[in-house]
Structure formats: C-alpha cells, structure tokens
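I have a structure I would like to understand better, so I am pasting it below and will then ask my questions one at a time.
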C-alpha cells in the first residue's frame, strides 16, 4: 500500500520536473516568424508591418505579405522596430590587457585573452551589438591578430563568430622611441621577414630540384605576417595623427596589404588623401573636437564624421565608455545625422560597413534572405534617444530581453525606502 | 723746505680730484647733423645742436656756434633723443637674471627697486651701445603689490645725475605669476580681493602708527602716486580698470598685450600703456594689436622687460610696429617722449629741445630702419659710447 | 559734372543702412514655439525690441521695418540655462590659502576671452551659473552670467547668486596629515575627514549667529554668512551621498537658511524627504558606472536619478557639469528622458527650473513678454539627438548661426 503511494509520488515528481525542464530549456525553434511594426533592412527600403521568416537560424524570407508556415512559432512585435544587430569593427576592450610589452608580437591572438564574463560584453549585448572584432591595443607595433565574437556565451568558443581576423599595427611610438625609430623598427622587421621568406622559398626550391621531401613549415611566429602579405589577413593600422596616415598609406602601398585605417580625431586632416586611396576607415569614438584657429584665435568645431563623409570615405563608428551617448553606436550615427549625414548612410556605418570591414557581411549587417537571423527589437527608431533594445536575437535565438535584465532594472528603478534614522544629536 | 713739500703733497693729492671732476665736468659741445629728429618739433635737416653745461641750449638750422666749443661733425648722420626703455629689470644685482621679486610676502609696497640697481652690471654697457639712455626699473610680476619703481639714466657718476626719480610709482601685478601655491593668493579672485583689502586699509590708515607700507599705499589712493599695473590679457586689463575706477588710481598699464580688444575703455580713462616688447610675438594678429591700440587714442611707450628681451632690441618694437601699420611719428614717440611723459620726466628728457638734458643718440641712418646702427651715445653732454671703427 | 555732384551728395545724404543685427525691431516666425511657461504656440511670432520680448503669440502684426527671422517649420525654444557649467575664468577656482572663504567671488576672475564661452553659445546655453571650486568647505560666492560682453560687468546678470558650501569629500582631498614636522603650510590645517568638515560648518554657522546677535559689523566673512543665514543669499551645498544629503537637510532646518542641493548623486535614495522639505536640486554630471571617489562617494548610482526625484515632486535642474568637454545640455535632457524623466519636466529642467533656482527667472528661462530675448531655433524636437541648433539669439542679437555646406 505504502509503496504504491511512494511510487505515485515519485512519478508525479518526475513528471513535474520533466515538464519544468522542458519549459526552462527554451528550445531553439526550427521555424520562426517575426511580425514587426517596422523592419529596417539596411540593404533596401524599410518595410512597414512586415514579416521575417527564419529557419534554422537563417532568414528565409522578408517582406510585407509573407506567408507564415503552420509550424512556425510566431513572435508578435507590432510595436517594435527591427533592424540588423550593430557591428563594432574595432575594440580593445574585453581583454585583460590590451597591449603586450614587447613591440613585435604578431603571433599573439586576442582569442586567448577575451574575457567572456567582462562587463564590457554584457553591456555590448544590452546596447545592441551582435558582433565585435576584438583586436590588440594601440601601444604595440605589431600587436597580434583579432577575433570576431558575439557578446553572448560563457566561453570564447561559444562567443566565436570568426577567429584569426585582422592584424593590428599601431603607428604610435611606444616606450621612449620617436616616430623615426618606430617606423624604422617596422621596416627592419619587414625586411628581415622578406629575407626569411626568400631563404625559405630558396630551400623549398632546392628541395624540389633535388627531389627531396620538404616538410619545413614557416616559423609560427612569422605566420601571421606572412598571411598579411598574402592578403589572408587584413591589416588594421592605427594612426595617432594625420602624419601617421601618410605612413600607413606608404605601408599599404609598399606591401600591398588589405588595409583598414583606425583613426584618432586629429587624423581628419588626411581625409582627402584617404578618399583618394579609397581606404576604409574606423572613426574614433570622439566625433566632435574643438580646435583653435591659429590665425583668428577663434574656437572652431570640427565634426569628424562629416569631414570624412564629404570627402567620400567609407567608415564605421567606434564607441567608448564615457558619458552619455558615445557608449552607443546608434548615438554615434545620430550625431553624424545631426550634422548632415544621410540617415541611410549613417545606419550602414553601424551595420553593413563594419560587417564588410571585418569580413562577416555574408551573414551579418543586413536583413536579407540567406543571412543570419541576428537582429534587434527596438522600442522605437534607432536614432531616437528614447529607443531601448528590447530583445536581441542571434541566429534565431532570443539571447537578451530587457524585461529580464536585472542589472539594468536596478540602475533605473527606485530603490527601497531607506529606513529613517532615529533622532540623534 | 717743509712748506714746499707740504704744498706739493697737497697739490699732488688734490690733483686727481681735479682730474676726476674735470672728466665729469658739464660738457659744452656742438653737434652738426644731417637730420635732427626732435620728436616734438619735427625733423631739422642740416642742423646744429649746441650743448652747454650738459643741457641743450640751441637746436637750429644755422645757429652761431661759439668759438671755444668742440664741434662734432655728423653731417651725414641722424640724431635722435636718447631712447627710453619704459619698463625693465636691468642691472638688478650683478647677475642680470638676479632677484627682481621678493616673493615671500605678497605685499611689499615699501621696497624700492633702486636699492637693487647696480650701475656696473653687464647689461648696462650693452644697453648704452644700442642707444638706450634712460630706463624705468621695476620689480617683477610675482607679487601682487611688488614695490616702487625708479627712473634712472644709464650713465652718471653722481647719483643726482643718474637718478631721475628715486620712486616713480608702485608696481602692481595682476598676472598669473603673482599666484603661488604656498602663499596667498592662489587664485585670481583671491588676488583681486587681496589688492582691494590693502587699498581699503590704506584709505582707512590714519598715520597714527608708523607703517611704511600703509604710508606708500596711502599716497597711491589719496595723493595720485602712480601705479604701474601689469596686465596682459583682456580679463586682467578689465580687472585693472575696475580697480582704477574703484580707487581713483593714477594708473599706467604695463604689458596690455590684448588691450586693443577694449581700447575704447582704456582710452576713455586716459590710461597710458607701456607695451610688451614686440619680439615676444610671432603671429600677425598679435603684432597688429599695438597698432590698433595706438590708433584708438591710447598713448603707448615701448619696453624691453629686460631680461625677457635684450635692451639692445628696444628699437625693434618700433620698427616692427611701423611694418604693421603704425605711423612713423608715433613709432618714434613711443621710444622717446611718450615714455618720458608716462614716467613723469618729460621736463628733462624725451625730445631734443632747448632746456632738456643733452641725451642724444647718433645713428648712421633712419632710426626706424633696422639697418641703422648707433655711432655715438651722449648723456648729459658726455660721450658715453662711441662705435669703434673696424 | 553737375550730375556727379548731385549723385554724390544724394549718396552721402542717404541714411546709412541698418547694421546687421542692430535693427529696431526683430520678429521671429516659427512653426512651433515652446514657451515653457505655457502651451506650445503653433505658427507663432515673437517680437523683440532692445533685447527684450515685447510680444509673443499667433497672428501678431509685424511692424513694417522689422528685421524678420523666418524659421519656417522649425522649433523655437528659450535659450538654455545651465546651473553648473564649465567656468569661463582663469586660474585656480579656489583660494587655497584658507579653508573658509565666504568673501571669495569667482566673478572677479571672469575671462571674456575664455574658449568655454564660445562652445557654450554653440550648444545653446544663454545663461549660466559660475561657481567657485570645491576645495574649500565654504568656497565663496557664485554669479549668474550670460556668455556675452568683454568685461565682467557686461557678463554678470546676478552677482552673489549663491554661497557655495562643500560637504562632499572634495574639500578634504589632498590635505595632508603632518607626520613628524609641524604643519608649515596651509594644506596641513585643512580638514581630512567628514567629521572635520561638518564641525567646520557648524562652528562657522554658530559664530555667525553670535555675530548677528552682537552689533559688530566689521568681519566681512561673517557678514556674508549672516546674509546667508538671513535668507538673503541661498546656500548651495555640494553633496553626493545620501547621508550628506540628510545632514544638509538637517542643517538647513537647524540654522534656517535657504538650501539648494548641488550634485546630489544619491538623491534618488532620499527623494521623498527632499520633496517634503521643498528643496531644489541642481544635478551634477551623469555617470553610467560607479566611481571610487574615496569614503564611499560615487559608488551608488542610479541612471534615473532625475526621473525619480522629479516624480517625487522635487524641482530638478539638469546641468552640463564642470567638465572639460562640455556636454550638450539638450543631450543631457534627452538622456534624462531616456532613463525615465518625463519629457516636459526634462525641458523645464534646462530652462525655467534652473532660472528659478538661480533667482533670475524674471529675466530668462521662458519665452514671455518682458523677458530677455534669448531664443534657440532648432531643426526639430529638442529632445531628439538628431536635432541641430540652427541659430542662437542672445539679448535679441544673433550670436550663432549654423552654416550649411560650410567648408570644414
């Protein structure tokens, strides 16, 4: 008698836990349909009251009158604006330290240093960023290679979108070197590398001639630079001022690298030259600078993105963690729009263009058939300072919901009443 | 025998005195010159200056020259009045970069800069060779109320020949250098508050207790004793003007580099300016400022602020100002009569005029041309410098 | 020949054309006028004479010779009032030789050439409060100025607008405790703990009360403090932590002075009490992340500080804060709304509310008849970050106009 009771009890318990488990597991659905109030595709015109069909994490259809399959899970988002997740083409945050002490370390990789639990990634996801190229910092000549990650996952492998992307070169002199010394160091490295490669090729040719097996590999410490020379990696060259841009262009033309320029605000002076060379640019986080006109002694405001925009340069924005807006990519785009940039171009500079610069535009950067279903559910227009990221979907899975964001809740909500102190004197 | 020896000894002993006195005896001289720039009475071509007892007796085209007077023939040269450096720290201690500020205490109106002047200092000789004959000595800018200025000639064996004014006024400084991190004041507002406090105390001072500092400041607020206020930027100058209005000061602005921005306010109060040396500026915009200031009716004199710039470069200020649009007459006045009037010594120097001291400079060309060099400098009728012919 | 003479004399006798920006009457026409004092006016007109608003509304007749600024469909609002801005002064903001300096007037160090002024005008600020620094416990007197004019007199619109008192740890920073030597300079005399700061305040307030009771009139420091305790000058207290805010409220009651809370980082914790006592708050700069400012200051933050205070009924002014890179005041308002402040309150927080707190609301803060003609013409909604400030009018004169297509 008693044993039956216990069996029933255990059975009920097991059933409950199974049901609970299945509810908590949040399964990745095979087919999804998102019905949105507004869809900003970036690749084409905005779609009002449209639908996005997703299958296995890939966009199957986008449009106004899309037929929704019977077995698709429907997400209602009539009061939301959907747009591709933001892409950040360059950062050195999220690492334990951005720079190694030795100037020439191209063999290092940020893959080994990305910290998945860093607040930086938590904030990035909260702010709508879905892909970040994490590169070494600005204080190493040849800093190492970068990694494209999504700000979601407990391990670097979970976060990984694309490894071995970009090689960071910084033209800022380090330690006590002057710019002369710094450039000479680079030239010497490249010269030594070329000598090494020549000798290597010679040995290879000799072995072939002698019909001997040749299994010598390229020195792993030099592999990254070789890949750079072979255009398998893109050089991300950081310039502190306009004079550095000239040097960067010299490097680009001499060694024929695929190059992206990472600029500081003072580099605006080189905008026409950069346009001429058709090099892509990653703008600094500080978009507005004030300079004193030497002759008139008057203060003049320089809007950096507008200078590049008018010169015809293609660029992407960066962010920082200072006050108010520059933390958000949409704010950087809004600042440019405020000063005259076309809205569509500004939005491209935080989605499609950075995706192109870091080589992930085949799957990210726009809402198009065939691309990854990775996009943001915004409460209103992205350039509206009142828009919040309500949900983030990565490859068909909702990975962030503002409703469930405890940290944000704490930062915005009224705290408990503090107990009134007893009268003291 | 004894008497003869005694007499000879007496004569021998007293001879040097005669020799010394003869060397410094008031000179009588006549100078014939191609162009005499009198400054106040135009340019006299082919004229003669007759000096008697160290003073200018005649300045004319064809005067009667007394027979016994030595005539110096400079018929192809230019003569100008001795140049006046309206603000410098020359010769203060034997080291030209020596003490010009007593910084331990912020308020030291009783200090007299003349006490620190050494006529034997190196820079003096060099200054003379460039035509500077009189200077205003002043304390530096590190004290809000720094001390009393003096007007001295760069030559004169006896103090009475050399010192034109033992105390010409009190130097005030509204510059950032007057702010220190280890004594009051540390801020600009504190600086002005301090000056107001001191001037307020001076007004209330009743002469009951002996207080030299208060006595000096009382003469500033009650007896129009001049104040030389160092103020360069617009906000410093407006602060100075506020003090002038509040305490009815008889003020001169020293520096006034940005004074052109509020030239009207300076001019309407009839405040003269001793401008900073133009050698300190490099931008066109800054070099035009003094011209604009003068054009707006402000009386300007130039200075070297030695050792900031060399005294021998004093003339450069005028030459540069002319290049930026100042009329030549005003440019020359700014080195001579304007300075004399501002310093209150125009009865004695500043122009070539009957009755004034014979302080003259002979050049081998237009004084406002940089290529002209000084051939001879005369002070009180004495030849104090003569260029060596190579 | 005669014709030339006639023509010449005709030209000479013609009246000189009005100087640009110096017309008799100016009229501003705009699609939407946000008066702040009342409902927005659609298709409104503002008439300006001698730097003041003479009329405002719809259907107003524009005089014949008026200089018309037609802002089309743009939005017009009052010039912004910044209750805590980058001070356009030179030199140290504090007189460090003493720790109690009530007579320190920052207005005497005003610099009309300061670069901060030009930046302010371009970001729409037409009135601002200039404050002494925060290194002294009783720091001195601040003034309300406009970014115009060459001399301090031309800039100041209210002298001695508030007495700055610092209860946050800024007044204790950098002060050293002498170890073995006797304290040989004034840095050693100054407070290093919160106890000492509060004690200094209490002592000075007590001395002031004694002084006020006696018939002496000769101590300038105590004179100022007596004016403050007599409600003639408001006391602006810089506080960050909740416990300091509470102490400030208590002191204000004890010594009966008019209190303004400055910076008030943890105001959200004490919102109800601040509202009950009707104390206005001038918020300091906004930070996303906690900072470590020593003695637990700056560690607790809430992004919605402005919103929580406003909803509790507190009068809140938003500021750009004394930052080297002046934050756009309108952007500050836009973000305050983002984090939870009601829209109309946010607009008030950069116009009428700071004007009221600073005591200059009779002149600025709203677009009303009789007030100064300080007007902003915007390309759109002021709380949108894509909106540009197109034109700034100060005292009836255009002091900034954004150029279109200008060579950068």
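Letters A, B and C mark the chains as written, and numbering starts fresh at 1 in each.
Criterion: a contact is a pair of C-beta atoms (placed from the backbone, for glycine too) under 8 Å apart; a residue touches a chain by one contact, two chains touch by 3 or more.
Since we're looking at a predicted model, the values are computed, not measured.
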Checklist entry - By C-alpha centroid distance to the whole-protein centroid, which chain wins? => result C
Item to check | Between A-C and A-B, the pair with more C-beta contacts | outcome: A-C
Next on the checklist: Can you work out the whole-Å distance between the CA centroids of chain B and chain C?
Outcome noted: 47
Next on the checklist: I'd like the Å distance between the centres of chain A and chain B, where a centre is the mean of that chain's Cα atoms.
Outcome noted: 69
Checklist entry - Between chain A and chain C, what is the separation of their C-alpha centroids in Å? => result 39
Checklist outcome for this item: In their shared complex, chain C is touched by residues of chain B numbered 176, 179, 181-190, 192-193, 233-235, 238-239, 241-242, 258, 261-262, 265
Item to check | For the chain A and chain C complex, residues of the former touching the latter | outcome: 290, 292, 298-299, 301-303, 306-307, 310, 321, 323-325, 327, 331, 334-335, 337-340, 383-386, 388, 411-415, 417-418, 421
Item to check | chain B partner contacts - residues on chain C that touch it in the complex | outcome: 89-98, 101, 103-113, 132, 140, 150-153, 185
Item to check | chain A to chain B touching residues, read off their complex | outcome: 294-297
Checklist outcome for this item: Note: in the complex, chain B contacts chain A through residues 283-285
